[in-house]
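In the two assemblies presented below, chain A is common to both, partnered first by chain B and then by chain C.
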Partner chain A sequence: MRLSVAAAISHGRVYRRFGLNPRSRLDLLRNLVTALVRYERIETPWARADEMRGYAERLIDYAKRGDKDERAMRMADFWLTEKDLIHKLFKVLAPRFQPHPGSYTRLLQIPNRDGLDRAKMAVIELKGNPLPPLPGPRRDSDKTLLNQLLKGYRQDAQRAA
Partner chain B sequence: VLVLVHSPLPRIRALLQRCWGRLERGLWPGVFRGQSPPWGPALAVQGPALVPQGIKDTGESSAKVPSLLESMVWMAAPKQRRTIEVNRCRRRHRSKLIEIKRNIDVCPECGNLKQKHVLCGYCYEKVKEETQLIRMEIHKKEGGPFNAPAVETVVLYEGEKPTEKDEGKRIIERTRKRPSWFVQN
Partner chain C sequence: RVSSDGKPPKFQPPPKPVIIDRRTQKEERRFLSPEFIPPRGRTDPLKYYMERKDMIQRRKVFSIPEFYVGSVLAVTTAEPHASDKSKRFVGICIQRGGKGLGATFVLRNVIEDQGVEICYELYSPRIQAIEVLKLEKRLDENLMYLRDALPEYSTFDVNMKPVPRMANEEIPLNKLQVRMKPKPWSKRWERPKYNIKGINFELPEHKMQAAQKWSQPWLEFDMLREYDTSKIEEKIRKELSEELEK
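Our next item is the complex of A and B:
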């Protein structure tokens, strides 16, 4: 199978390295997951947001099992360091995402950070949050000149046929 | 075998000690192999202390700059001056120039420039300010830390009433007109 250069060089390793050691990496990601569940939209470096996304979505999958489930409760207890968010997870987020089969988060890139490091930043948010919507990827509006001309051409072709 | 370790420089001394060690162990086959091992100095006399030289001499020898014969440390240095043509080829190579970006577009909402795969900076700033104000209202309502409610939240602007969909939700009031880009669901 043809892999990209980075994927080939990594020889199958998918987890990025963060922090001082693997335990510190998990703590870092745990803090981010807690913040995401609390604020429903956070701005972090892109690599951390990408890494955290998988963990957050799996946590919501566990929460969908219901809070009577022992494993789900233990997962929520580990991943959410602020214990009032466990209630929010099971009572607010699980019902909100019950109809959706997957992909509960949205990850979008932002202009680079203003500080000295100019880091690649991203905003990650839970779908269906009450905050103002992000200026997401918009399709071309129908009112641009090119689209109007194409629409006219399509209509002419239909009339001719 | 009389061996005189004469040189005062630490580097030379170390080098000679290494050579001697190699000779001892028979790892230096360049020198004659036929000798009966083990070798050992019959008499080893250290440096300038015992050699009958004046005290002034020892002072001078330790303060002397090492001559070219004794400084045996080789360092790399360029042999020839690089011509300006060669220099230009290296400095202006394609990998060293700044790439031009061809993925810059105009944001359809505000008209500022943005990269195609990145959110528009201006529009995102607007959204960020509004979320900051909403979060301040939330903080005021919650009163303290770790008071996240177990119900959904809805944001209502001036003159808006909660509908049937916002039945059990916590309402956050904002004292301004609804912005045009924040569509009510």
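Our next item is the complex of A and C:
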């Protein structure tokens, strides 16, 4: 009788496995978060960007508490390996995102990596950054058949109302 | 008083008394039973909503008192084979588990030198009365280490009288440090994963430091593991207060 879950089954697990062990996974994500805070737009494999997104947004939530908060300062000290970025986090990023309640990052997929592994890559950026905008997901133009039919339906509904 | 021009002095009304209403401050510290807080997961919140409705229904009929891990309770359950059809058990609550209707609590006592633990379901219809004999908190949320502690820390008098407690007082925190039986224990309580503060370890220094090898200091910085229940708790508290007033 099998009493333990087989090692290959991971039903319901939310955290991806990176690196050698949980400590190295956090170190990897920490380097990515530091890079994101420094350059505000980075290109990484999609899985790492997706995992990092949650930590980056929670870090900004902590930063919004203010730098007088002991816990916020400890978190920033752990997550940002380059200590000059702590100042940037509290003085630049926290006020920038103060009016927004959440979702401070944007994650977009880019063509696969050129190397042998052809990894699925993504670009993750903080919103409101000073770099030129990325070509976001383009919506279908108004001239497509579906959009024209929907426009006609909306006009009929307006006329009936 | 100096009279002004021979006329009686102007009437000075006495200063208004300053009324400090402490009732509003105390209402903020209301207790929310931990089984109402839904766990983090992918289940439909409708399930927890329906369970909460049933829990409120049961609480309207049968009062479940406020208690914490470390308080001494007396529970009377219906027993088909007892002569007067009911059974009373007194013990210290060592663990509160489960969420929703399946919430349980484990009471431990030592009766005639035999340690006895009984796990009761809070919302089971077999329970006829729950009485809190001594309401207090301990340093840990889980007192399973009492199994490996000396039996004197788990013995409670079966005919104990309830300790009187004034309403709206702070729940006393018992900072008792328990002494253990010699090793081996059922679990290695000195390891940091259990994070136990209520044991007086009399182990040598090198053993305590060897146990720290299993510590995971990065866990406290792992932000995604934190579950902030403040907003959920507020909503549930409001819901509860509305339903129980009906």
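The working rule: the second predicted complex is superposed on the first by the 131 of 161 C-alpha atoms of A that agree within 3 Å, B and C clash if a C-alpha of one lies under 4 Å from a C-alpha of the other, contacts with A are read in each partner's own complex, and residues count from 1 in each chain.
Keep in mind that, in the parts below, a residue touches a chain if its C-beta (ideal position, glycine included) is under 8 Å from a C-beta of that chain, and two chains touch if they have at least 3 such contacts.
Note that this is a predicted model, so its numbers are computed, not measured.
Of the two partner chains placed by superposition, only chain C is touched by A:R58; chain B is not.
Contacts of A:Y15 after superposition: chain C is touched, whereas chain B is not reached.
Of the two partner chains, neither chain B nor chain C is touched by A:A47. In the superposition on chain A, contact of A:P132 is made with chain B only, not with chain C. Of the two partners chain B and chain C, more residues of chain A are touched by B. Of the two partner chains placed by superposition, A:A119 touches none, neither chain B nor chain C.
When the two structures are aligned on the shared chain, A:V92 is found in touch with chain B, with no touch to chain C. Touch criterion not met for A:L28: it reaches neither chain B nor chain C. Contact with chain C, but none with chain B, is seen for A:W79 once the two complexes are overlaid on the shared chain. Taken together, the two structures place no residue of chain A in contact with chain B in one case and with chain C in the other. Residues of chain A that touch chain B in their complex: 38-39, 41, 43, 82-85, 87-88, 91-92, 96, 108-111, 123, 130-135, 138, 141. Residue ranges of chain B in contact with chain A, taken from their complex: 107-109, 115, 117-121, 123-124, 127-128, 130-131, 134-135, 146-155, 172, 179, 181-183. For chain C in complex with chain A, the touching residues are 41-42, 216, 218, 221-224, 226. Across the complex, chain A meets chain C through its residues 12, 14-15, 22-23, 26, 54-55, 58-59, 62, 74-75, 78-79.
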